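Worksheet: one structure, shown below.
So that you can tell them apart, the chains are marked A, B, C, D, E and F in the order they are listed, and the count of residues begins at 1 in each.
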């Protein structure tokens, strides 16, 4: 590199850093709940990269909380234990043995994330919703079918989370809740993230998915919507613009905002450093749904 | 019951309560590490009873920490995953897959204990040594054999434990440590309990075992030694009085005391309420090894 | 004792301890005001036993406050100082000199209790209502007779009490208040206890008396009422069931509950360990009046 | 008063206030132990005046502690209780009954001071050395005579004092200590003040006496020594200049300074506002013994 | 001085000190904003005397804040920089250069006061309204004339003041505010003092002026009004009794009280120790306007 | 920009942000003293850019302190006040009037920086070394010439700085100290920065200069030394490699490190964002002198 190139590169670096300034300022000391799981958790290297970005958020003063899913591994282990996984309307029918396996697999994922956080220089603490009775659930009722240990979040007690965050630890949460019968219940990870973010009045809730965001025309990548407010999001749904896997995700976003989260982001977790690019650059790389129109 | 009987019963109740007074006073606010595992964790009902007693200790002002083991279940699940468990000089040869299974099974046990604590009215938080990088380990070297992910405790960082206990949570710890390679390592549960107790300068370390204590003559139950000090414990070993499974246990006790624990108890975990009876009655029900002669 | 007997005894001891668990849990960290005085303060040994029980309450996490009376000793010392004690409708006519004697005698009692607390291993601090202007009184008006320095509680400033309790001291209070003329006034010890308990929103107020509790039929000891709620207590009085010395006591109980105390106990202070038996056993040994029906 | 006189008066007032400035500054936030008792406690009005001055010290930021004596009243009440007071080498022979009377009388004095403090607008708390086991004593041994409950200070636990002062209360202490037998012991009030001041590392210890200070020539009031340092005080004693009641007092001063008190004042408690004049004017009105030469 | 004279002098000194007691008590821990400037800042010696008195207020527990003016020096420096000072309806027309000079001169005054405080033994911190964005202003609009950088107080952020006072520093404030354009604006020192006092809910606001107070008959010095309440102050203005320089000052006083200040004093800053005499003597030396009738 | 370009740009942005991570982590919560002045303070726009970068450091968790100089403006104003600036061996001869002017000019600079900080969204507080008696100086002695009010730092009291930083304010310090005569003294800004950094045990001390760093061959810009340790820095001086304006600067660096600063940076303040580039990129843009070899 010659001197002119060096100067140009320095200029560009400085621009990136100063572009990040107003965002770093605004989000300093805020809770950020990151839902990470499913197909976005492709491979170890991608995971490590995501986790390093979360560590960065922590280091510059934000308060991240990770909620993870278990994904396809659960079925693999259920089969290994000699059962055939069963689903009903997309929900895993969860008998006692299946729940046991689910818990074990989720913990494996949880502890891998905790170890990656350690490697990235930040102390994480793995939790399930049973720890300190953090997440209480009710059994999910489905007409015509007993789903077993499938729960819906009834309440989130943030005492443990706040204590850990106060002491500079990053909580990593498995989507398991405690029933009134003191048994563990499987809960949807997106719902868990949403409930935790609401209970903390989080500034941000991020869904790291395997989709690239919300598009006006899903066929045309140039129609990505960078930001929309609550009214627009509702309109999208009403008009039927949004469909497929995006619909429940968007409904979740709306619900989170209604319950007190300031901003929900839908990001493509496969894009390297999507968290940093979404949070700290003007344009971002996914779709943000805001409580109120920005600025 | 007639009135005289009632009066007699009241008198007896009051006696028990007042007998407990000086012990409750002395141990108020003290750390008590309870190693619970292996064959002492016989069945659910017994477990619940032990956990309720730990909850009682917490409620009256002690600071209990539970360290549990995984026992025979690990081998069961290793087999289920298609491997044959392998041991070398009593230590489980732990390849990557086996470690994964071990972690999962330990977590299952951990979360069962956490749920039982919740049922007993006390908020517990399940931890592994990886959480907050609490337990760092070195790989255990064994001449002539690579044991894989078997570790020895290098250091215990009590920051997370102290933060949780300060906020009135009860830590429940799985015997897993973090290696310098940020991989999980299997560690002996007794050693883990001993290391945690030392790091906290615990007042008490309790081994809930399936033996009844230390006997002068193991054949004669009336020769149970209720208390001995460090010198006596060493003498016992030198004289070869103690043997079998008791020998490593007793060596562990001695080591714990040398590292700062004030009192180590070896109790038969199958005796109902053995913790309460050992702590709060004069005679106790097991063997206590003391730093210094009592009183 | 043979082994079978030992096992039986251990079982009974464990039962007592575990029966106590839910009560210890519920009352942890609660204010308990114990009125102790008059004929219940029979002799030194009984006093020491009561005080040891109060110390136990403190040690297991409750926050006891003792309010004591002076009893018959005051008259003895008034006579010694050359006066004849005078009463009017049951109230001691208290001139300046008599008040001086009353204060001195109450202090003597106070400091004896403080020393007993020390002996029981708990640091107590003797107080009168004049200390830190804790209890302000108004002169008690009685038509047709000037009672002298007899006061009624106007207000209780809990600042000193809370500071002492926060620092783990047990307050022991003499029933003396400060008048607007900055003179000491004699106040009824039951009223004092009631006012202190109300001001602290105490969980429990206990009257240690020389009666065995409230009975449906005072002649039949088997008709002891273990618990009643506010409505029942009022009904009892209306129906004229309760009479004699019990009537003002019961009215005091009702008043305390109306002013914010959660539970008032009337116990026979002569029953050894009545505090422990009432608080920590299911049946109790006296009568409890509750704000709301229990459970 | 005409205008010129008014201006002159204002000037004088301002001078007094500004003269006080460096002293108020220097002693801000310092512990001041005031021994007040014996013949200096002449009458109620004088007492009230002294107490108002102590209140002033408190209000402007110093931390006063009062230690009082009982004086001649004890003998009066001992006689009233039917005994003849007995002294041995100047010390009161104190049997159980006498001790009881002494405690009562001291408390009477104590509570009068507390009430005066309240009247002066400052919250005081009366204490004996038994409260919170503040002052532990050993029995005073005298060859050839059992003095009974006469003690010497063994240790002062300042925990209660510091807690009360931290919460802005003024402690008022009776010279009674707790023996190893948990019985009260009579202790010399000067010694008590000295021990309390040492334990608190007090900035000032003041003896309010009925003498006017230390004189080079006791016959010539103009030879009052305003200040002397430790060396001078010792020289005075060695040279035999000081005698009579002043000798033990001066020895007490020296001992207090040796144990950590910075400055000891001997004042004539009968001079109105002697505390203010001694502390806040350049010349003072009594004798100050200093650790080190002033300025 | 003979002995009788000494006793008399002592008596007088004690009287002054005890007269000050109830005032010192009442104003302990209160905010006192002292506006000091203009013609009252006659010479260095007078300034030092005033500052020493402020230091005294601090030392005895009050929380003084000084707001100073710049006075005639600004014009001198403006001329030196080559401009002719310009006024419009009594307000300085302040272009950019003039503002620069004004800021510099005010800082010079500010730092002289800070150094005097240091000399008087109290740590002061010089501030402008720009520091920590303490005082935000709006540009003062005047029909027909652009006054330039002349501002009116919009808001006072007390965070910095409270932090400094909490740490025992005395703030010394220059009357400069920060505009929305982040430029400095000149503000009237009386208004600044009034706004700061209101924002702090100060107990006292003092105007150190060069007038002797408010008089019923300005010609007759014996008609000085020592105290008046809000109603009386308003009546005075309505009746036209008050005129000249006193009118805006009195309106300022009324406004300050309406905005939360408890008491405003108008004092003649040229009278030595006027602060001490006004605050700590019964009669005072100036005029006090009170929120409510005193006592 | 087409999609491929966008992706490339995102990648580059992410790289910059992640490159910054280990540095942000390492310097989190550290004191950074930035000396800014003289010829580096070229124009308003450059100043604003530097200040915005300091604001960024603050926002991401560092604790910046600015020490500024006054530069050539002082001479300008001295002349305006009618004096001819006088120097002796490079030091300004500072009589009383000159000192007054110097103080005023420095304050002007100070308050401009404070306003720029406000504009950049961070609350700054302007200070001189006189505030809270922060910097005590001794008069600088020069044989054969009285330099007047020129001082050398004697001590730095960090109490005020720590209090302000604790409350999230950024101190901006003028190089003026307080003499024992309570007069202001001119001090060298580099020395002031060095003394403040030492007193705070700062992690970093930065000299923003108008030179580009230390070069092996000043003629060849490619010989810039990015980092050197203490030993190397000393060697450079000994070998005479460094000369001109760089020599005293490098000596200052060495002294700062010897007194406890961990790292000193010499940067060209005219390079845009030099602080960000030096701190958060691997290569940096200036010369860093380290206590110990990095990594």
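We take it that contacts are C-beta pairs under 8 Å (C-beta built on N, C-alpha and C of every residue); 3 or more make two chains touch, one makes a residue touch a chain.
Remember, it's a predicted structure, so these values are computed and weren't measured experimentally.
Asker: Provide the labels of all chains in contact with chain A and in contact with chain C.
Answerer: B
Asker: What is the chain whose Cα centre is as far as it gets from that of chain C?
Answerer: When every chain centre is compared against chain C, the largest gap points to F.
Asker: Quick check on chain D against chain E: do more than half of the interface residue numbers occur in both copies, making it same, or fewer, making it different?
Answerer: Same: when the shared numbers are divided by all numbers used, the fraction is over half.
Asker: Counting only Cα atoms for the centres, state how far chain D is from chain F in Å.
Answerer: 57
Asker: Cα centroid separation between chain C and chain D, in whole Å?
Answerer: 37
Asker: Which integer distance in Å separates the CA centroid of chain B from that of chain C?
Answerer: Chain centroid spacing, chain B to chain C, equals 43 Å.
Asker: Return the residues of chain B touching two or more other chains; collapse runs of consecutive numbers into ranges.
Answerer: none
Asker: Quick one: do these chains touch in a line, a ring, a star, all-to-all (complete), or other?
Answerer: If you draw each chain as a dot and join those that touch, you get a single closed ring.
Asker: Which residues of chain B touch chain A once you look at their complex with the stated criterion?
Answerer: 80-82, 100, 103-105, 107-108, 111, 114-116, 118-119, 123-128, 130-133, 159-160, 163-164, 167, 169, 176, 178, 182-184
Asker: Within their complex, state which residues of chain D touch chain E.
Answerer: The contact residues of chain D facing chain E are 3, 10-14, 16-18, 20-22, 24-25, 28, 52-53, 55-56, 59-61, 121, 221, 271-273, 276-277, 280-281, 285.
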